[in-house]
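Input: a single structure, listed below in structure tokens.
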Amino acid sequence: MSDHDELLARIQGVSRLAEFNQWLGLEVTAVAPGEAELVLQWKKELGQYSGFLHAGIQGALIDTACGFAAATLSGHVLASQFTVRCLRPAVGQSFRVVARVVKPGRQQIFTAAELYATDNGEEKLVASGDTLLVPVAS
Amino acid sequence: MSDHDELLARIQGVSRLAEFNQWLGLEVTAVAPGEAELVLQWKKELGQYSGFLHAGIQGALIDTACGFAAATLSGHVLASQFTVRCLRPAVGQSFRVVARVVKPGRQQIFTAAELYATDNGEEKLVASGDTLLVPVAS
Amino acid sequence: MSDHDELLARIQGVSRLAEFNQWLGLEVTAVAPGEAELVLQWKKELGQYSGFLHAGIQGALIDTACGFAAATLSGHVLASQFTVRCLRPAVGQSFRVVARVVKPGRQQIFTAAELYATDNGEEKLVASGDTLLVPVAS
Amino acid sequence: MSDHDELLARIQGVSRLAEFNQWLGLEVTAVAPGEAELVLQWKKELGQYSGFLHAGIQGALIDTACGFAAATLSGHVLASQFTVRCLRPAVGQSFRVVARVVKPGRQQIFTAAELYATDNGEEKLVASGDTLLVPVAS
């Protein structure tokens, strides 16, 4: 197994431990040192009152992708704080979130992410966010 | 029906429109002008990798409670941005989130919320957050 | 000297080390374990383009008060991240900021603050904010 | 005068109206539709207690650059909320902040910025941030 395949398998294993990620049907589609990409297929249970992707799910995608990006460098991590900026209505058949470590550190890890929706074949940026994480003893 | 009962019924009706809130089993337990309280019972599908309440669900609770607090004053609203501060591990059998409008406005509404976990009969503050919302034409 | 007077003298000493605080004319008016209050008198050099208190100064007040609140418990600290919510135009002859530790910790310290303006004898809340800090070896 | 020169002159004019920007010695060095760059020379009055650039000044630079980036598209704007992430100690002889509009809008404008320090000829990213602004009637 290549280093990349091992890293991908490790992060996919962490994701499987999270019951909520399983319910979502979240797929870890790509990783690299300091980076992670997740894909989620729309289902109606993910909607808010007007049928857009619930802001809480947008937050879950951003927070999770940021956590996985950090975990590629640091083992176990916990989010201290995260922010979601809702740029456009999150409407689509599938969603892709891409996260990266902006600044790693021993005490804290700064990360950022963008969330894209694919609606009728066209992909658009719908939200951005950032997460500050702390490494924890595993 | 009293004004309070009408307001509670209206906000509960908005919550029922959100498929994700139904899946969560979210209850709107109290409202007042500029305020809202929600309660969520733990189930294992809500967990992150070590079994705490998933940070995304924490965000959903904070964002939703803030939105309902704003909706008591403003009709339809959309979140522009929200932040979740993860103060302690979110572990418990039930969760309660209390939100309030900090500053209402015609262009934007500032709100804040606290999230509490009840674990073995003891309630603790586990997260705080804030949401900036904009009124939208209904 | 009482414990309180010692704590106040220590925090005032830290503030004097900051050249920018001196230029501002920032006064540390009260401290308690986990709390700090600062007062700033308006001068025209503090204005933004329409004569309100510059948002950067609002941030400086919030970040500084939060840092001092943390320093009452933790010795040397550095801000990781801070947020300022501009609730109302910051207009006044004097400004008062009150900060408190929301959750202390060994790895990180969560704090929050409110900024008030006194305009023609009436005090109003004009901004709120929060700062996440890390303790540093002194 | 070219369109670019006119835009630069207009934004420099706005900056001159802000007394605090004048005290700082802030220069508007470049603008384009949706973008702005500012440069600040270090002076000791800008320091916090250990001689780094005060976090409040970092916030002022980020908030101001974001506001100017928005103003290139929207006329008068006011910040609703801004966040500063302090990635590295802000030490240097000069500082450069680059801001861009992430999502323009009629009700609100999302912007982001990076702050760089040049220390002994080497430029490093020291902070990042974002600002949410609202257009105001001029």
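Letters A, B, C and D mark the chains in the order given here, with residues in each chain numbered from 1 onward.
Going forward, a residue touches a chain if its C-beta (ideal position, glycine included) is under 8 Å from a C-beta of that chain, and two chains touch if they have at least 3 such contacts.
Bear in mind the structure is a predicted one, so any value in this text is a computation, not a measurement.
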Candidate from C-D, B-D or B-C with the same interface as A-D, over half of contact pairs in common: B-C
Of A-B and B-C, pair with higher C-beta contact tally: A-B
Centroid spacing, where centroids are CA-atom means, of chain A and chain B in whole angstrom: 22
Distance from chain C to chain A - Cα centre to Cα centre, in angstrom: 34
Averaged-CA centre spacing for the pair chain C and chain B, given as whole angstrom: 29
In chain D, residues with contacts to at least two other chains: 80-81, 83, 85, 132
In the complex, chain D residues that touch chain C: 14-15, 17-23, 44-50, 54-57, 59-61, 63-64, 67, 78-86
Chain D contact footprint on chain A (complex, rising order): 83, 85, 87-88, 102-103, 110, 112, 125, 128, 130, 132
Contact footprint of chain D on chain B as seen in their complex: 80-81, 107-108, 132, 134
